[in-house]
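Below, chain A partners chain B and then partners chain C, in two separate complexes.
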Partner chain A sequence: MIPGIGVLTQNTLWCFSQMKGAIETGVTEADIISTVEFNHTGELLATGDKGGRVVIFQREQESKNQVHRRGEYNVYSTFQSHEPEFDYLKSLEIEEKINKIRWLPQQNAAYFLLSTNDKTVKLWKVSERDKRPEGYNLKDEEGRLRDPATITTLRVPVLRPMDLMVEATPRRVFANAHTYHINSISVNSDYETYMSADDLRINLWNFEITNQSFNIVDIKPANMEELTEVITAAEFHPHHCNTFVYSSSKGTIRLCDMRASALCDRHTKFFEEPEDPSNRSFFSEIISSISDVKFSHSGRYIMTRDYLTVKVWDLNMENRPIETYQVHDYLRSKLCSLYENDCIFDKFECVWNGSDSVIMTGSYNNFFRMFDRNTKRDVTLEASRENSKPRAILKPRKVCVGGKRRKDEISVDSLDFSKKILHTAWHPSENIIAVAATNNLYIFQDKVN
Partner chain B sequence: MEFKLEAHRIVSISLGKIYNSRVQRGGIKLHKNLLVSLVLRSARQVYLSDPCPGLYLAGPSGTPMALPQLPGEPAAGPAAGWGEPAPPAVPAAWQETQPHPERSAVPDAQRAVDAEPAAPGIDAGDAVLGGQAAAGPAWRLMEGPREAAAGGPGNPAGASEVFPEVARAASHHCGRPPGGEDQPGALGATPRGDCCCAKEEAPAPPPIGPRKRGAAGAGGVGGPAGCPAPSSTPLKKPRRDLEEPSSGAAAEEEEEMETGNVANLISIFGSSFSGLLRKSPGGGREEADGEENGPEAAEPGQICCDKPVLRDMNPWSTAIVAF
Partner chain C sequence: MLSKGLKRKREEEEEEKEALAVDAWWLDPSHPAVAQAPPAVASSSLFDLSVLKLHHSLRQSEPDLRHLVLVVNTLRRIQASMVPTASLPPVPSVPAAPGMADNLLASSDAALSASMASLLEDLSHIEGLSQAPQPLADEGPPGRPTGGAPPGLGALDLLGPATGCLLDDGLEGLFEDIDTSMYDSELWAPASEGLKPGPEDGPVKEQAPELDEAELDYLMDVLVGTQALERPPGPGR
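And then the complex of A and B:
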């Protein structure tokens, strides 16, 4: 029980709500969830997986009969967004894994989202069809053409209800603009443009134009041997359509203003915290690499995630973050092992809650952490099948760092590093969170009193 | 001393990662490989800067960093070394003056160490350090030899072929324009390293008795003919060579040899790869520069077309792949 966390109530208890995904012990690689995103109203929740599929869940309307059960998320649409491709010229396979999904704000009855793999961004339209025309003159009910000689009457087709069908159609394909692997996409607040970022370049697109994009950031050095940093994440400001930020593998964030010049290689602001020399190790550079950057909903702050910490920066202060939260500092002494098993390269994401008062990020052993910025309290929760009874309250977990291990604590060496929570999402206005644990999606809600 | 061992281990692990990244699905991941190269650099710095009299690294002068180049060593220090665990990736193709292009730095260094304790390994490394410029552009040349490597038959070079590809590469090496563009699959998937200009790295000392460490056949230190035709096999062997030591060699002498190899490798690899030591392009890099400039000029703002893309990726991926 973590008093103080949450927007709506003083005492927020997190409860299990739903788990999506197979339960069998073996995990197919293609089923591993690679991105999770709520849409702007929170009505829809999209997940992408390594197999290139997108699954969209829709929250059902709350019924008066079941007051205690808030709307559940049920599958709304499933489609194959990307397929594996082969670049023949370079003899490279292009993975179909969905790296990111971003929703467009809803402007009509249909829903639009962007999904991207390493090389190609696609705009998908998800729409409902619940009526179909019947009574054609020239076609029979099965759609076969009728012999004109047999047509003796004329009638107007009418629309009749049918079972709801949700169809997803690719409306735009934005391809061939990235040499390196795309790591981020971000929809601009003007709703007309969006950007896609790869390791060395960021391109600006117009939704309507697929055969051209503007390159707005290019950090590729003339001589690749002088390469020292890459772009790791990028995002547009939530309100200012001319502003965006991008993070680098060196732990720095650059804020750019597109009004300043066409090519935003020169940043407007540069956020960097001086390194603590006492923490220097072989792996200092790796753990300082930023894996995710997110603007707060207010647009006033940015949050960055590196391997061991989450930091909150004020846009008006560039020389250091205003807050730093330790996610799993007990791993600092294990960096060499984590380097060996590649865990040190895991890219964790971070999210804000709707009011920017709480931030959340994932860890290992299916743990995820929440930090309340106001009360400075934090909690570690676990996404596990054992805690999966409906409305079961999640018990805070604790990692024991040494010495005597208390009951209920788990020691660092017992952590399961194959169970990592890289992707999480927070409903834009309510205390509902979606946590991706390998191939399962957990949905937790705060307890309804 | 512990730092050195730790550094050694980290270097081995890092090299293994880079090697593996070549065959990973989706192509080489630039970010991860960059981070691994930074770790390599850090480990190398620790490795080379920690004066430890017990290890050969100290050399006659006692200062690891100040070892003079051995006479007869190729000036540009064939960064071949750094290609090592993988197929001979020799950056400085033209440097190949040695009659015996060693297949891998590891065995070479081994030999060197055998012949002259202390100096050769690090010297080769230092030579590489000194010859950054040569090493750099040399990487790009690997694209050329790759064709040769891909071709596969016979070993024209004769000498210590070890790898047919290497030998062939050697013959193609010098001056061959980095013609990687027309090489399909230059990036990532195929072991371009194979083609590498021989890694001769060739320190002056004559080929010593082969280091039999686990090298299944092709290990080829000094090894004639050991190299199997398929390019993939040699890849495995040098790696095994390298990794075996890291798994805890017992004898002190063995330890020395291993570290020598590793030092050689990482000095070559670490500096050139991240470009951290080299400040300005050396003389031998015009070709590569020229190659780079073309696509570069075309690049910004344009939708990448395959050719420039391929060219651009080549040096970097070559560097990685060569390994």
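And then the complex of A and C:
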């Protein structure tokens, strides 16, 4: 790893690397990307879409001839993870949209990932087959059984090379444990368990057991009329397998310790920032609703995303975040319109870079933002086809709030609110990012000097 | 893109929503937000919009719980701002009407639908009680005809003239033929709450296949407030 990689400095320039997905103007709903995730080494990049499909890209080996060009990501495997279902008992359609993908750390030659829709989590095994056994005794080459009476000699089957085939097989299906819509899954650091969270409950699973899960958080009130808050995201601590956090629609984060009790309804820590009275409005609660929560790689911090800001919290300080970054504060005066067109309910995700020094999140108009925690510098970039020439350097974008608009700036009223970057991912150790813009996946890398 | 806020007179008759513990910071002229910002009292259009969103959300076969909870909480804030917190007789809580919930709301969670139904009834009951005439909206969300009904009957208003701000095309189609001339503001006075929702029966029947005509009648009656506590549930509910 080159020193300086993973740090957003004055000298970091982001370049277009690749764009995946169709280029036609009409977008099929099913092709809209709903989740993006690198695996633990960054070798694989998975996307899930509204049609229930998972596409995995693999980074090609860097060739000696092209030292200055980092490996590109090519399609490795595509499979249908979830199908649309019909719940006959409740007369409901269950969407096949993939809400989240989480990779398991690699323990053998095969890759494992969890993918989930609103109701069912599945464990997929993705493995390569590049050899085929030939020379069976009881079967002929087409696989038909041979009459044992015709067999006069025995031979040992041999493995012969074949064209590489990547197979995805569902190894486990974890179903029927969620009444409400699953919004998060998180693999535990023990690699034996994981959790799934819906609007009101969080369940703990063992990978080996599909017919049973433990309920560890339940915020459903006895009387549903008293319901005022839902769970919006949850994640395990990266190192402490007994610790997890979950966020709520009221802008709070609770940290729970599973050693304290079986049902973690009582939190160990409670993170909430007091409301700023000067910013109070009828939409205060909606914009405080946390759409994503992520532990830093170090496990010392958590990052939360609400509608207008990204916040970094120190686990040791509950009463306020240590850092707050404005993503698109110019929208604060437009909240009424954004409420009207439902954009105010959009759920943006946020990610850390490998060294926890830079954080990234998406915005509208296909803009996404990066904040360097050390230098306090930030940059706004755009995922657009116009900037899609190979190794083209991305130019920082700026939104003009009022007054005279400069040549390269875009005014708030010209922003396209249908082009939203909700899902992004950052390579675990390098400056490579994947940005989902509706049905296209953009991969950007920093310029190698 | 932005709908303008409305200036309204303080209501003279007041009722207090039971168990709403929202402090009335917007009424405190010394509060920095109130002093600096435009009047923070919600316009009726914002209230109507929120009720619309609530309806729309509840109409989904499986409501998005987060969206629902956020809209309901926002609606409570808006409603609390429309009803000043002077000392008022508490509104008796309206028991959930299970029949209405079953018929109207296809939510997978019966308890949720019952609770939301009771919330809707609460809201409609408050609307019915808040009878003081209000000045007309100068301008509502785009597409809304001017001269809409006063906010005191905002809930009925939402079922009245078609509005461009409706989120759901289906809803728009539902109401576009409704003759709303009888709901012009001149006609609405505290005494005339006995108006029947008759004109809306016909077109609504044709365009709302997902609701029984009788159920829609009942919903409208409840929202108008004329029948909320008087009419027993119909047969079979």
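One rule holds in what follows: the second predicted complex is superposed on the first by the 439 of 449 C-alpha atoms of A that agree within 3 Å, B and C clash if a C-alpha of one lies under 4 Å from a C-alpha of the other, contacts with A are read in each partner's own complex, and residues count from 1 in each chain.
Here, a residue touches a chain if its C-beta (ideal position, glycine included) is under 8 Å from a C-beta of that chain, and two chains touch if they have at least 3 such contacts.
Here the structure is a predicted model, which is why all the values come from computation and not from measurement.
Novice: Assess the superposed three-chain arrangement around chain A: do chain B and chain C clash, or do they fit?
Specialist: With chain A as the common anchor, chain B and chain C collide in the superposed model.
Novice: Touching A:K395, do we find chain B (first), chain C (second), both, or neither?
Specialist: Once the two structures are laid over each other on A, A:K395 reaches no partner at all.
Novice: Check whether A:P277 is in contact with chain B, with chain C, with both or with neither, and answer first, second, both or neither.
Specialist: After superposing on A, A:P277 lies in contact with chain C but is clear of chain B.
Novice: For A:N215, using the defined touch cut-off, is the partner it touches chain B, chain C, both, or neither? Pick first, second, both or neither.
Specialist: First partner only, chain B.
Novice: Determine, under the contact definition given at the top, whether A:H297 touches first (chain B), second (chain C), both, or neither.
Specialist: Neither: A:H297 stays clear of chain B and chain C.
Novice: Under the stated touch criterion, name the partner, chain B or chain C, that contacts more residues in chain A.
Specialist: Greater contact footprint in residues on chain A: B.
Novice: Tell me which partner A:D199 touches in the superposition: chain B (first), chain C (second), both or neither.
Specialist: Touch status of A:D199: both partners.
Novice: After superposition on the shared chain, which partner residues are touched by A:F345: those of chain B (first), chain C (second), both, or neither?
Specialist: both
Novice: With the two structures laid over each other on chain A, which partner does A:L227 touch: chain B (first), chain C (second), both, or neither?
Specialist: both
Novice: Of the two partner chains, chain B (first) and chain C (second), which one does A:K419 touch, if any: first, second, both, or neither?
Specialist: neither
Novice: Return first, second, both or neither, reflecting whether A:S337 touches chain B, chain C, both chains, or no partner chain.
Specialist: A:S337 sits against chain C, while chain B stays out of touch.
Novice: So which bits of chain A does chain B touch that chain C touches too?
Specialist: On chain A, the overlap between the chain B and chain C contacts is residues 90-93, 179-181, 199-200, 223-225, 227-230, 232, 249, 282-283, 285-286, 289, 336, 339-340, 342, 345.
Novice: Given the complex with chain C, which residues does chain A contribute to the contact?
Specialist: Touch residues, chain A against chain C: 87, 90-93, 179-181, 199-200, 223-225, 227-230, 232, 249, 277-283, 285-286, 289, 334, 336-337, 339-342, 345, 413.
Novice: Using the touch definition from the top, list the residues of chain A that touch chain B in their complex.
Specialist: 88-95, 97, 118, 176-181, 183, 199-200, 211-215, 218, 220, 222-230, 232, 249, 263, 282-286, 289, 336, 339-340, 342, 345
Novice: With touch defined as at the start, can you tell me which chain C residues reach chain A in the complex?
Specialist: Against chain A, chain C makes touches at 1-3, 25, 31-33, 36, 40, 42, 46, 49, 53, 61-62, 64-67, 69-70, 72-74, 77-78, 81, 96, 106, 108-109, 111-112, 114-115, 118-119, 141, 165, 167.
Novice: Contact residues on chain B for chain A in the complex?
Specialist: 6-7, 10, 13, 17, 25-27, 29-32, 34-35, 38-39, 42-43, 46, 136, 139, 184-190, 272-276, 278, 281, 289, 292-293, 296, 299-306, 309-310, 312-313, 315-316, 319
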